[in-house]
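Here come two complexes built around chain A, the first alongside chain B, the second alongside chain C.
Coming up: the complex of A and B.
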């Protein structure tokens, strides 16, 4: 597969101002997604996964304190273009997004088919009936009967709603789909169905995903590469195999150890301490207060850069420097 | 699109829909049969147009509910001759002609007529006709009424003529040999018996039977002629009675229906739409737009609504549609703006709004497609409910005397009734019928509104 980059994020920043101070939700992250590839961003709640998605899609809340960096979409730095151009070049056939919380992401007073067709009507000036027939195609693609297009959101089950949202995101034929926790608030069976659907779409139609989740298992199912986020930063990024098996960052390691396993006779370990306060993040490596391998005078003083940990595998931990050096 | 079926599931709203349908049919009937210009002209025409109607008559349907039948108006006219109206002319010389008119009618009501009038028209060159008028009771008693020379347009108010009244009282005194304790009204003498019962106004009864009015005319020119119209005014008229100017109140009540409905519904709908739009824009754009709109709203909130309206209509004599515009203008930045803004502030943070922004929907599209349809369910019942308020407001303004001076409305009928002491004089129908229509209108809107509220906002039932 030729590595043609669809999305490249450089030093992306998104800070919110709150009454308590500035929350560094996304604090200078870098990653890239190639065509046909799936990058999973995993991390616990409040680590800045969803904010990353919002920053890329430029759907900012009102209390933004800082917003910067570069986001290259194909050959265009979309951080530099104005809202109208952004709409034309990115929202249309560019990047689309599936939001978390399928239950509330559909307007309860608009028919499903009209809602799925909306992006086409808004952006591509489709006529309503053409757009609706496209919407029916999209519904078929996600395994729904086009007849449900006549229904309203409250008549559908959670899984069906999530499928509708996926149909809505792919109806405009985007180059990359951002999936923001697409299976949260769904039961395990429905979750598996949705994951199978996403996998099928990827294999058959070659979709490119940016898959945001807190579930390491789900990430490994769908992703080619995984980025682990902690406190607004990416702490480890690499292929699935590298991150899951040749783990380099202590946080990733402990995160993997905390997942209960079915077949091995092993108790899940937990990570001591609590996630850092993003208003006053710890000095140095933000994981150092919880890290068992802390090097005093180094980890709590200097922020580690992304260090080489193998081909296409990076982690930000001073231990790697010691290893290599 | 609008499915009315669930509305008919509730008995209360069925009643409401029924009343509203009746009012709408009444409006359509009114507009179709009586043009507005005609109604307005009749309503402002003055007493001459209404001369054949009784004054302050009750509605005719009271006779259905009462054992004593109140009289209806009887009109006999030589211009419309028939078996009851006979006119014979005999030549009595070279230039002299004698015309005799006999008007026979049957009087079978239980009460005396309110008035009796004679109207004459005559054609002559120099010498006016001379008439001798007499009255014959069912028992054959003949009472001479008057001998008079008539002008081209003339009248003889039989029941209110003081000379005649004195004569008849004298006549009666002679017959009975006693003087009653009160001045017996002419109509009582003409329609009552000549016996002891006359002495007491409580005990006197109408003598039912065939009456006759005879007019013998002496004409002094060969071409001269005259016509007589006898009007025996009843005490009931039409379906709504008449007022102090003998006008048919029914006309005002009929035309009041479409005006009340149109006023109420258009005020309610336009105010709700304007308030909602202001609320939506204010909540969606926030910042400066929001601040400006909310401050304007607060200014309008402290403006006293009724005094401003009274001031405007005192300075300018405005018609009802200008009043509507003023009402809409004063209410545009009303308390509803605050309500809708609060709703929209909550809705604008919904995930589907975020999704709409992500696929690039513009501000206008989000407001029109996503925000506004979302609040329509909560809006519709309150619009229906407030329609009744505006119907009442229109009536209230008319009662305060600041309504439209030309258009006949329910409120104006009540105002007239109030002004001319209807309740003091016991003319209850004058107040009660328009009030009942007002009440029926607001009840129908209220019943429909409550049912719509149950249908559109089923969660409210749980609270």
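Coming up: the complex of A and C.
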């Protein structure tokens, strides 16, 4: 059990400075991912879910105002190591990432197999033919004919390009793959194809994913555990069943209610108002201006901590404090 | 018939829009010659009844946006007839077409690019009236404020002086709606109006659109890739694949008991926030939509269809077949032949 945690994030913080002031994109979040497990981070745009991934991978824009916290990868706090060690231990064979919309950033003049093989040659000192045969294995894993390796990006469809990206992310056999909206540019049938692939890789080969998405439906298809983000903070985290069925945070509940469902008949609702301005977030709980259960003098003053909502299930809402007495 | 005067048309037709075998082909040019045609819309016949919301659902590249544009004369069909209010659009000159377009409004997908960033909300909403020389400045002012309060940008005086960058995505889309309804249209083409918005506010905008529809008796063509919103915000549903409508009918019927294999595949692929589905593999049809410049012969879905009949589906294009429940399907599974 000791080493089953692949990733443990403690108090992660990433603030950007802009002309309008400091944007608290990621504001002290905690979570962990065990081996073979998938954690989905769900949130609307601007909630800080993509910034969380960038903070873990140390891919930072120039306007960083604050960056801190601990990120334990296996037994190493990767926030404390220097750039070269980070590159070797994390980027090369530790954590890989499939970026949002990246299928359009494949190099148009390099054959697919060479692009997939590149990290092995550059970083891991593979000989070219060894690397290419590894690349072919990776292409097979994602359900592509290795012959596709001889093609160029423009000869592939959107779904095939997305498979190539997944092949690139797993060719170096990383311990965890961060998927940042891996299907957001795809049509629904192609999306279902890619989700089937991700599920198969998880089930058959025990892949560990950190799955970032805005789509509650997609998250529930793949995730063992779900973290819901709002305004730079995790407001609820727990198993898929806990978060979707035994929901504790009003934001999670209202977000679930706002999803029009195809199979079930329920009239979708909406959350009045808009997500807060992260330069001047509301005092106290950042959801309080939109929350129907607001306790005046409490929610608008004090920020709720993560409170116990069940075994492995936490939510940051003052309502839970009342419940537990 | 055309009758002059502001917004005064004879409502002669029960169907506000009627498409009859409409094709829209775009030439693919290679150097100086035409190498082929992209068949964006490839033989569509459909009617839009007055007062209804027709959802046009399809994947990207299926031709739904082009079809939407053709209903109000924004693209010219290569062949076929488009009747708007009983009038054949192709027979109108530019001036008459302009007049006709007053009876239609358009809402686009991206509220960040569809509103001129240098215009105040007031000017953006007023613009269609100015262009069409409707009313004097006092009357226009009243109408702008009324439209702004119709879309719940209250108080209108407050929002009128704002610039788009000062508004949230949801508020911008409200401005786009106000602009679309300002000239009292009868028909609105809403092309993916909530796709760019966050989940928590999508439903709010769609409810608003429905409220405005009921208040003004509007007809809406709701173009979307999202079956789930179409379920709650449309009366009839048309499913488009590679330039053809493969199935059309009352929304509830189509979703509950889809007939066309493509509709079935589309519905099966939609994820739902329900942990019971976790890790269950979805039955997914293989492949991806065809290249519209070089579509397959026969039924365009046949290379991906799980119920493909060899020697039939790959040779002949299925005709649209009327079913007893008010549905039309283009599929040989239901065409028992003469």
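As a working rule, the second predicted complex is superposed on the first by the 317 of 325 C-alpha atoms of A that agree within 3 Å, B and C clash if a C-alpha of one lies under 4 Å from a C-alpha of the other, contacts with A are read in each partner's own complex, and residues count from 1 in each chain.
Going forward, a contact is a pair of C-beta atoms (placed from the backbone, for glycine too) under 8 Å apart; a residue touches a chain by one contact, two chains touch by 3 or more.
This one's a predicted model, so the numbers in the text were calculated from it and none came from an experiment.
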Fit-or-clash call for chain B and chain C when the two complexes are aligned on chain A: fit
First, second, both or neither for A:106, with chain B first and chain C second: first
First (chain B), second (chain C), both or neither touched by A:118: first
Which superposed partner A:157 touches (first chain B, second chain C, both, neither): second
For chain A as apex, the angle formed with chain B and chain C - C-alpha centres, to the nearest 10 degrees: 80
Chain B versus chain C as contact partner of A:191, first or second or both or neither: second
Chain A residues touched - chain C or chain B, whichever exceeds: C
Which superposed partner A:208 touches (first chain B, second chain C, both, neither): neither
Partner chain in contact with A:263 - chain B first, chain C second, else both or neither: second
Chain B versus chain C - smallest C-alpha distance in the overlay, whole Å: 8
Set of chain A residues, in rising order, touched by both chain B and chain C: none
Chain C residues touching chain A - in the complex, by the definition given at the top: 59-60, 168, 170-171, 198-204, 207, 225-229, 231-232, 255, 265-275, 277-282, 284-286, 288-289
Contact footprint of chain B on chain A as seen in their complex: 57, 59, 62, 87, 91-92, 96-97, 99-101, 104-110, 118-119, 122-123, 165, 168, 172
Chain C-facing residues of chain A, complex: 44-45, 157-159, 187-193, 195-196, 199-200, 202-203, 214-224, 240-241, 244-245, 254-256, 258-264, 267-272, 274-275
Contact footprint of chain A on chain B as seen in their complex: 286, 350-352, 354-362, 365, 369-370, 373-374, 376-377
